[in-house]
Amino acid sequence: MRIGVFVCHCGSNIEGTVDTAAVARAALGFPEVALATDAMYTCSEPGQDAIVQAIREKGLSGIVVASCSPRMHENTFRRAVERAGLNRYMFEMANIREHVSWIGKDREANTNKATELVRMAVEKLRRNTPLFSNKFDVTKRVLVIGGGVAGIQAALDCAEGGKEVVLVERESSIGGKMAKLDKTFPTVDCSSCILGPKMVDVAQHPNIKLLACTELKSVGGYVGNFQVELRKKATYVDWTKCTGCGQCMEKCPSKKSEDRFNERIGVTTAINIPFPQAIPKKAVIDPASCRHFLKGKCGVCAKVCPTGAIDYEMKEEVLTEQVGAIIAATGYDVFDISKIGEYGAGRYPDVITSLQYERLLSASGPTGGHIKRPSDGAEPKTIVFVQCVGSRDKSLGRPYCSGFCCMYTAKQAILTRDHIPDSQVFVFYMDIRAPGKLYDEFTRRAMEEYGARYIRGRVAMVYPQGSKYIVRGADTLLGTNVEIEADLVVLAAGAEAAAGAPALAEKLRISYDPYGFFVESHPKLRPVETNTAGVYLAGSCQGPKDIPSSVAQGSAAAAKVLALFSKDKLESDPQISRVDIKRCVGCGKCILTCPYGAIKKIDFRGEPKAEVVATVCQGCGICTSTCPQGAAQLAHFTDDQILAEVNALCRF
Amino acid sequence: MSVLTGKELRIVGFLCNWCSYGGADTAGVGRFVQPTDLRIIRVPCSGRIDPLFIVKALLNGADGVLVSGCHPRDCHYSQGNFYARRRLEVLKHFLPVLGIDPARFEYTWVSASEAQRWQKVVSSFTERIHKLGPASRLENTALPDGLEKRFAAIASGELPSDGKAATRLEELKDRIHEFLPDLDIVIGWQRGFDALHNTPLFMRSAEDLEKLVWGPLNIHNTATYLPSLRGKKVGVVVKGCDSRSVVELLQEKLVDRENIVVFGMPCSGIVDLSKIDRALRERGTGIGRVQAAECGEKGVTIKAGGQEYRFAMEEVAADKCFHCEYPNAVLADHLIGNASPSSSNGKISRQLAAFDAMSLQERMAYWRSQMDRCIRCHACRNACPLCVCKDHCIAQSRDPHWISQEDTITEKLMFQVVHAVHTAGRCTECGECERACPMDIPILAMKRQMNRAIRELFEYKAGTDPEAVPPLLAFQAEEKNIHEGVL
Amino acid sequence: MTGAKFLSKEKLLDWLAELGQTRRVFMPVEEGGKIVFRPCTNGDTPALVRDASASPKGVVFPSSAELFRYTKTKARGGKSSMELKPGTEFEPALIFGTRPCGARGFTIFDRVYTGGKFNDPYYRAARENTLIVTLACEGPENTCFCNWVGSGPDDPTGSDVLATPVEGGFVLESVSERGEALLESPLLQPAEARTAEADSVKSRARAELPPARDISAAPQSIRALFDNQKFWDEVSSKCLSCGACTYLCPTCYCFTITDEDHGDSGKRLRSWDNCMSYQFSLEASGHNPRPTKAHRLRNRVGHKFSYYPQLHEGLLACCGCGRCIRSCPVSMDIREIVLDAIDRVQAKNCEVVHE
Amino acid sequence: MIKQLAYYPGCSSLGTSREYDMSTRAVCELLGLDLKEIPDWSCCGSSPAHSFDHSLSAALSARNLALVETMGLDMVATPCPSCLSNLKTSSHRMQRETFRDKVNLLLDKPYMGSVKSMSVLQALIEQVGTDTIAAMVAQPLTGLKLAPFYGCIMNRPSEIMEFDDPENPTSMDRILTALGAEVVPFPLKVECCGASYGVPFKDIVAKLSGKLLSCALDAGAEAVVVACPMCQMNLDLRQKQLAKPAGVNFEIPVVYFTQLMGFAMGLPESRLGFDKLCVSPALLLSRTLAAAS
């Protein structure tokens, strides 16, 4: 090998504390180094040209650049050496800026350290081999998991982009949390009026295949070629026949089914269409409360159904879909307020969540849009809102801010005063977080125009006294205790990761944080990508989000998918693991530990061997450190390459 | 060119690309001043870091090794640091047995945004290494006097017992006889070249069965042969310890349950031929001159050079048999009786106790003196029932090139570390490595130390549950007994 | 020729120290319960009660020897040159206290490395500069079978001096001319009457050895069984395929060559190799002509008792020391395999005759 | 099966809450809990000690815990939540090595940290259980409406006390239900009665305790059931003082849960000490007896 070493001054960034010329001189003494020089700005156009020229003129077969972090410019230089006709992997970087010149001023020590880092890079490069990507076909269909507003947006954008979409939703209708809202902040426009048309678009779009009452069972394959198994739950109603007429609901004698859509405020019929604007508008039987299932006789719905759609024998089905990309848009759940004993939720019927209150406000809700106390149906006159319930609370393991509670509480304060003009509204808050467009103005309106009384402080306790509730808290601005006699207490319950999110993440082979929210690839620069190629995130599954952010992320994820699908062939990263079949003894330890299921057992002349599925492997190298025979080797980070670096440091 | 003498020490860092390398970059961007000793090797993931890289560095000149990866749950590859955490923690527990101060190795988690934290990690680790000073080198250590005596002073313990050992053989033969027609081979033991040396027996016919013997001279682990006989129907006679190897092989799917038939024999301890040799030499003769030997309940009676010598089992039993928890097969298709286990009380072996009593310096010197004898025959490895790589062991490979042909003590010791690390969480402490060693090098100590770590960290014993996954091939998001992150 | 000399036990260390003035003296010492050959240092006492665990071959033929080292230097203008330095020169040595079998082992090396058309300079230099003072055996161990291979407890083959233990010391007899010079030390006394005592020690030792088995049919028998995979499978079934037997064997002379390269410098090593290892015959293509331990054991037994004798006038490549039996982790017995092979072929021949 | 527990009566047992101590011993004896009084026990230091010096406070408790270790027992029960709070806090703090060393320096015999402290209430719930209690009832408290009052420190802070729900405990509710009584929903069951202000700020106590009793009456309770000597004293002794600010003449008995247990299990009154209470529950209890017969 003929190696060229380029030591960068980076202006004075490196040269200021490192004698780059001395580093270059020392590098000339390293094995197989044919050329070593220092340069002002290696990454600049002339700098790159110098590398290209040196490769051509001096017949170099490998390049080391000692400059900034490879996380900064590795790709820049790889492209440069490629322009000169070398393989992009015949290149190494020594990070002498972030790891040397910027962290100390001792020029002697820095120069020495920089020289050693160059030696390491040279020793590694000597063991590098050209690596080549594979090309493979892309299935241009996308799976969107979750039919909330983020999923709907992502599905519509992809469909509009001409790609087929499979949209799966766990509930019987899409719409998600937004469908449950009465109005939205800061415009106070009707939530279902703006979401409804989008839901209809989903139902009618020729490119969208909507699967409600369906969950993800398993994911196999890799970017461009996922095989997805979907579990379609038994609805006991044949949806191809159901017209959504609702006669079954009218006649159903069992009215004890929990009303999930209305956040369990009241009950509903065992056969049910959750809300009038449901998409698909199809009935579902809840076998937990249906008399047919509980007692073995009833059959009223089957009798009244004009299309004969009822099918008590229906079984769960497993469907298989081929897709090239997956968007997870599984949303969030509301914090379980009964976990806070001092507020008495669960014991006191009139201590409710904001989302339950939203249903009380909604004209399609259980009270027809009239605010009534769940306990006695009376109209409350004094309503206390408590913010940050299950948010920003380390003791509950919920240290994060849910982000949208300040805003919806202000909205609900305003709506309360609209609905019951003679009501008194109190809001306990820690800080008002309203950084969005028109947001702060909106909270001000709640206080100033609508007379909501904002009290800065936490609520210590809620307890009943007669038919009222005493809300005891602190007013930290006045430095006093306050006690308010309330008719209704609304807790602004924070967002938490949707139930089952970690399990889903494991199926999708993506990371999740300690709270169960999915982790994006980069918090700033890759907010909708995950570390698994081909899997994207939209909406609150990544962290609590309000509607505009969710919609924006839905569109962003769709854009990523469309960009991915704009190529007919994808290239795999060649920095993946390979198994030397001659060394492999087929013990299967790599298969056990691979987080991607990227290694499979094969039969080679009657002997078990491991084989890496190149397109699934993400290049973590766990198999390499697991394989005792050194048969599995991660290309570009092989045992020999790392040993060369260790030896470069320890032998001298 | 090297570290700046007097100013720096040799500190090697292994950082994952996604979090910690980024964190170090961020620290640079933020101009967080750090000591200059550390040299960083970039790897994709902390899960890529083979603990052997760290030992390699520490044995070959590093004064300290620092590993840093993504915080648990933040791994770019979702699970890499979970595996790394287990493996690195185990290594930390293992290093002292080599005489390497575990404080010279640390692993921690730093995210790409934690510049300040990175600065603190580098500074405090560098400071720690400077406090420790340059590491002592294997080649430069000298053995203190009287170490052997200290070894000998440590008491052993209780042996398992089986009062009916004498009558078991016939029952075993009957049972094998019954199943032999359906089996290709049954592995047992027979008398070897002299009265003290038994040797593994491969029975193919009823005639072979007559050669079968039972007793404390059946020192070999019959499970060792199973992986190489895969595909055949094999019967195997096992002692309790052998059965744990069978279980471990099943755990790792290296043998097929349906193809093996296990005959479990209750064991009341086996002899250590080296101990007998030593005892005979003290009496002026040697194991090579043994004319007859008889093993009874009370011990071993040996005739050599016309004289008779009696040894109680306690004098000549293998160390592993003291406090034996599993004198009966933990898994058997045919269990020929039961022995009563000795009380284990969680006591550690004599060997480990002796190591614990040594200073780190002494341990290193001890290995230097012991490994010097190693002839690199790899009998330790080939006798190990779990060394399934055998023909493809990295000790003899040029690619990857972990170990050279130079017969330095460092290279020889490195191989033993490879063996210990590769069997970590898998080793059942059957002791075959040490028993097989023709030079009597006490290499089992390394595995014992490793197993102690595995027990403490994962409350796990290899080869006791066929369904269990070896702990280093698994992880928990929250590790009960690992409390990392001291930096 | 100087007559036999007597060396009293008390003067043994002095004599060794005297020898140590002109050459490195190696002797068997006890280490961790085993006996190995180590340079003689002040205060050490040789372990002479029985044969060493390791063979003396390592003194002459080290387990890993540096043949040469190289350094590449770059001149300005990109031209580079390679400098070669020979490995460390062999300094004169003396092995004290090997048994006759160990000394005889060197003669088996000699035929290969210096006797025929090949001349190995490294071996020759070492061999020529090494003197061997052999200690005759007083009695056999269970694994001894030197009389089977034409040797015996007082076999002087390969030695320069033969020392026979007698009451209070040793009777030293020179075997070679170089050995004779060793007996000129003022520390030695004329042996006189002690020679007879030595003779009786020798004959007693010879008598104590169980009678030798006739293995003259071994070369043909093993050759006849070459393709009998079943036979080799059976006899190798308990073999672990480790290298204890070969590395301890005084007659196993195989080596491998590797370059340990460190970029611009490196060295070429010659190290012991082991035909029981898979790597021994592994070809670069991945093909291995001896893929199983049966193939490899066949080679080891065959080499010693069939192929080597065919090349070297019927002389066996085995000195009968029994180390391979004694140190085998599973107590394999090479005698048994050889006898088994002879028996099988004989039985087969009988069958043929009967038919 | 008889279970042995060390017993730490606490100073109140010698004075203001003798009836609590008596009834506790009687009930436990009946239910097979063998309470071994710690020989030579000393004061837990109460609030004054820990307001002054944490290590001194811990040493006072640790001395008693070390005595339990000498008894060869690993559990200690105390009727008084304030004592319990000190025992638990000390153990908790002494898990920290530096603190433990500091405290042990003050002690003759170091405390090794092997003792689990619990309230008598917890011991009855966990070591006996409501099933056994229900089975031992001789005269059920049928028709008796009771407000169980736990006080503010019995369960809090939860990470130290580690028993029952800190905000809505139900252990005493379950015992009373097992005795056959009706437990009224009592939202202020973990409120502060103001005990430590008893001397300097009587007006605060009047406000806090008054609210508690009012709430109990509002909830329909005929008696308040307590598990704390301080609460008992405040709510019972001061009813006259509370009457004025609250505008109510309370006259509501405040009894220890152990007294009611003893009563329901038919223990003689001499072992239960109802006569030590200020507001006599005699009327209520005789009503229950009448209802039962």
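The letters A, B, C and D name the chains in turn, as written, and every chain counts its residues from 1.
By definition in this document, a contact is a pair of C-beta atoms (placed from the backbone, for glycine too) under 8 Å apart; a residue touches a chain by one contact, two chains touch by 3 or more.
No experiment lies behind these values; they were computed from the predicted model shown.
Comparing the chain pairs A-C and B-C, the larger number of C-beta pairs in contact belongs to B-C.
Here the spacing of subunit C and subunit D, counted between their Cα centres, is 87 Å. If you average the Cα atoms of subunit A and of subunit C, the two centres end up 70 Å apart.
Chain centres here are Cα means. That of subunit B falls 32 Å from that of subunit C. Mean C-alpha positions place subunit B and subunit D at a centre distance of 56 Å. Looking at subunit B, one finds that residues 392 touch two or more other chains. Chain pairs that touch one another, listed by label: A-B, A-C, A-D, B-C. Against subunit A, in their complex, subunit D makes its touches with residues 165-168, 185, 187-188, 215, 218. Residues 72, 74, 78, 262-264, 286 of subunit C touch subunit A in their complex. Residues 26, 69-72, 95, 97-100, 102-106, 108-110, 112-113, 115-117, 119-120, 505, 509-514, 519, 523, 531, 575, 582-585, 587-589, 592-593, 595-596, 618-622, 624-626, 628-631, 633-634, 637-640, 642-643, 645-647, 649-652 of subunit A are the ones that touch subunit B when the two sit in their complex. The residues of subunit C lying in touch with subunit B in their complex are 31-34, 36, 49-50, 53-54, 62-64, 139, 141-144, 234, 237-238, 240-244, 246-248, 256, 258, 260, 269, 271-272, 274, 277-279, 325-327, 329-333, 335-336. Residue ranges on subunit A touching subunit D, taken from their complex, read 340-342, 344, 347, 463-466.
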